[in-house]
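Consider the two complexes below, in which chain A is the common component and chain B and chain C are the respective partners.
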Partner chain A sequence: MKNIVILAFKNLTRHKKRTIITSIAIAFGIALLIWMDGMLKWADNESKRNLKNYEFGNFIVCTKEYADDRKDFPLDSVIEKPEVEKVLIIAENTGCFSSPRTGFRSMMSYKRGFGLPYVVFAIDPELDAKVFKIKDNIIQGNYLDKNSEGILISAYCKKELGIDIGEYIIMETRTKYNTMQALRLKVTGIFDCPNPIVNKNQLFITRTMAENNLQLEGMASEIAFRTENGDNQPALNKVKTLLASKKLTLLTTQTWQEYGSDYLAISQTKKGGSKIMIFLIFVIVAVGIINTMTMSIFERVREMGMLRALGMRDNDVIKCFIIEAAGLGLIGSVMGLFLGVCLTIYGVNVGLDFTSSFKDMDFGYRTGTIFYNEWNPGMMLAAFIFGILCSVLVSILPSKKAVKMEITDSIRYL
Partner chain B sequence: MKKQITALMKTLTATLMATFLISAQALAITPEGILSKADDNSIYQSIKYIGTMTINKGTRKKPRIKTFNAIARGNDKAYIEFTNPGDRGTKYLKLGDELWVKGAYAERADKISGHKLRESMMGSDYSYEDSMDNEKLIDKYNPALTGSENIGNKECYILELNAKVKKITYSRLIMWVDKEQFVPLKIQYFALSGMLLKEMVVQEVKTIKGKYFPVKVKMEDKQREGSYTLFEMESVVLDEPVNESVFSKKNLEK
Partner chain C sequence: MPIVECNNVSKEYKVGASVVSALKDISLSFEKGEFSAIVGPSGSGKSTLLNLIGCLDKVTEGNLKINGILIKEQNKTLLADLRCENIGFVFQTFNLIPVLSAFENVNFVLSLKKNLPENECAEKSMKILEEVGLKGLENRKPSELSGGQQQRVAIARALVKEPALILADEPTANLDSKTGEDIMALMKDLNMKKQTTFIFSTHDKMVMDYATRIINLRDGMITSDNGGKKS
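== the complex of A and B ==
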């Protein structure tokens, strides 16, 4: 056996070019597998983070009707002022950060140009910054302060309307009593956050501003909660108990998972899709390995014939070739792992910028257009083992086929 | 001679009385009275007409033309079926506060609710709410007579209407009402902030069943440059009985 192993390794070093080319093919497949998996994993996790950090918080408290119709942002099924105050106290008692928000649909226009629909959220800037991360993504001007009479718009809105900081935007909307309202608001800040839903659809004004102009009378359409450790359940249970004990039975809670159920369902489908993608990459890698290994074995049928003519047993010949294939797989997998790690390091720190290629295209993920990577040691190990196993498995059949030939035919084989 | 004097006296008395009555009537004109008369011209029990909307959107070179058949009863029920090539078969049904729409190729009707009711109807400068409103203004606004002005060659009262109910689409209107026919020839619609949003100008009025009824109206969006909709009505039939089955979902989904 020792001699067979030595012979296999000698073969590897003897056919340097072939060894390198075959290993590179395996390495390329393995690296691609590691890189793609890391990117898809990042996109999935980043989408969930962005949903919580920019769109929803960990959970919200709202009326039951509002929970059913949240996509329409109705102003007639909201939490009235006394209940808002009670819920804010509940948030304090449960150690959560909370932010009352009132969302409403508006048509925004600039210089009597075309109007674009947006959802405007009336927020308390100080409280909102503790729940959401919009404040950390201001790229021009300032975040709102409590008495600000301006509006915070997204970089997307700036581009679409052709408006800039310090200029005035017209917001047409309805008040709580369905009365038409139009306000001329100064753009005081521009944000660019990694959640495309928020970037493309949402703008922000202060609650004070909304109170004075939209007949809101202290109401809020939802109160967003953020738990300190990021875990929903313990805080959610406490909030539910306190809501019941304070007889706030008309109010309900909705978690980010419930709100994002559509997205999460798509995400699950995407995971399935990602698995298919990974599987296809596996297949491509496997076909590559099969191809190079088969060629490498059939190229050496004469050599096998010679070994058999010199008295080497068929099984030993097969073993020798399998060990050689395992060696090739090992070299390819090590190289692939190294390349995959390098690509992942680049992906984690720099990322791939798809901005120019996909501009306003909807990826279906709640991420920006720069795609990063996430470490996935499990997949790295799996890819490494797969590289070796695949090489071994695909070398068995052609080796067996080659040794079935007559020695004389093998020697004459072209 | 005596007879002649008596006749002259009678004529003078009659003239004086007529002058007095006319002056008294003129003096008795109140903003509420003007608005009520304007309402009488605009409000109908039922209506049936063939409508055309010519939609101009500033940046668009070609105006879009939508034609439709409309039937309505009171303020609760209305049925519209579009007939222009691009929208043929699209139908709307208003039942109370509900509005249903069925696309040309859709199998079932969808309910339009909430914010969608406030959106533009078929891309025009009318919202669904605007286009289906048939309520008396006197019930919703407090009018004030602020002056008079000519619209074209017609002398008009200028009425300022401020909402007297909380739940209302426009908090303030300014209305130019024809002094002779009591038809609102121009209406400006304001936001709660006082910003002018829309302006409606009547371009043609027809006498139908004793009513002076506007049949050609231009609605201009004052916040969008060059955006206006010309709304024309033909073959208008007012206050005739309407078959109830028209206002059914079954008819909509037919």
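== the complex of A and C ==
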């Protein structure tokens, strides 16, 4: 057996160019798999981070009706002031950070330009900064403070409306009582956060402003929670039981996973995409290996016929070819792993800029248009083994051909 | 017991719709230590006969026994093992493995024999290479050897398992007459020393002169067999 392995590996040196070209094809596939997977993993986790850090927190408390159509930000199913206060106490008692927010649809315009639809959130700047990270992403001016009368807009909004810091924006909105209300607000800060949904759609004013001008006295449409140590299930359960015991039965909780089901569906698509990738790479490996092995087998008909005549068993001949293919897969996988690691290092540090190709495309991922990579050692190992396994698998059939021919014909061959 | 025993052996090849009768009712046996030549014109069935004796092909009619074992009844793996234990081959083309050195070519074939310790294998391989006159050339690849030297490696490879029987189909056909004669002298020498049975086919008068027994074939039939006595 040892000699068969040695022969198999020496056979790889017969046509060095062919061996290298085939391994490079395999390496290319493996590297691509590692790189794509690392990028999708990053996009996946980045989306989750951005959803939690800029849009939703770990979970929200809101009314049941609101939970059902949060996407429309309905003002007729908000939490009233006394309940808001109770929920804030619950948050304090469970060691969570919480921020009451009221979101409402508004038309925003600058000078005499067209009005564009946005969602304005009325927030308590101090509390909100403990749940969300928008404060860390101010690129111009200032974040809001409790008495600030201005509005915090996104860099995207600035560009779209052509407005700049210090200028006035007109906000038109419908109040809870269905009357139209227009406000003239000074832009006091501009943020640019990595969550494109927030960047493209959301603007922020203080709750004080909203209470004074929009009849939103003390109410909140949702109360966003940030639990310590990531998604803290016990804290969530505690909040749930406290809501029940405080007779706040009209209120419910919604986690980011529940809210982001649309996004999670994309995560599912990702898995489908990976399957297609894996299949494509299997095809690359299969074509390379089958082609190379078939050539090798035809070249060696006479030699193998001779060895079979001298008593080498057919199974050992097949083994020898399969081990050779495994060797090809091994070389390809080693190179592929190396290349994949290089691409990942590049992806982690520099990333790939899709800004020009994606532009305003909205594809559900909550990521910026520069795509980075995340390390995924499990996938690297899997891709490595996959390369070798594929090579072995697809070589079985051609290898069996090597012993199909009668020995007498093999020896006379050519 | 003879080493090879053919009883009324026939071999037919199907070529399309027609049937070629390559051997017709051959009865023949070889004893241990014989050094026999099968001669005859092209197409007379020499290779066919050697292939049958070598268990590379199956008879159409009749019985063939090697060491008393009836060949028809064996499956592929058993036949491979039987060849591995009992039969060595030398062909007109050398069919060495180009990526292996002379030593490795010989050693590989010996290692096919089960249950042989590695160092014993290596020792035997070195010794047989020395015996065929390749001392000092063990580590050369076939491409670095002359035709005669390559055929010596092929002979060493056939001999290293110490088979009872060596079959050589036109072993000198690809060599010049001087080299051919050296190879025949080598085979004869090994035959004398080890009592290995040699059966070879040839067209060459020089080769026939080395043989102790000459079997004449024509159209698949034996026309003469001197039975080992030189006339």
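One rule holds in what follows: the second predicted complex is superposed on the first by the 348 of 414 C-alpha atoms of A that agree within 3 Å, B and C clash if a C-alpha of one lies under 4 Å from a C-alpha of the other, contacts with A are read in each partner's own complex, and residues count from 1 in each chain.
Methods note: a residue touches a chain if its C-beta (ideal position, glycine included) is under 8 Å from a C-beta of that chain, and two chains touch if they have at least 3 such contacts.
Just so we're clear, the structure is a prediction, and the values are computed from it rather than from any experiment.
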item: Touched partner set for A:179, first chain B, second chain C, both or neither; value: first
item: Partner chain in contact with A:10 - chain B first, chain C second, else both or neither; value: second
item: First, second, both or neither for A:407, with chain B first and chain C second; value: second
item: Touched partner set for A:112, first chain B, second chain C, both or neither; value: first
item: First (chain B), second (chain C), both or neither touched by A:294; value: neither
item: Touching partner for A:252 - first (chain B), second (chain C), both, neither; value: neither
item: Contacts of A:170 with chain B and chain C, given as first, second, both or neither; value: first
item: Chain B and chain C footprints on chain A, overlapping residues; value: none
item: List of chain A residues in touch with chain B within their complex; value: 69, 72-74, 105, 109, 112-115, 170, 172, 174-175, 177-184, 213, 215
item: Partner chain A, residues of chain B touching it in the complex; value: 57-59, 113-116, 118, 163, 166-171, 189, 191-193, 195, 197, 223-225
item: Chain A-facing residues of chain C, complex; value: 51, 54, 56-57, 76-77, 80-85, 87-89, 91, 93, 95-100, 104, 107-109, 111-113, 118, 157-158, 161
item: Touch list for chain A against partner chain C, complex; value: 2-3, 6-7, 10-11, 13-14, 302-303, 305-316, 406-408, 411
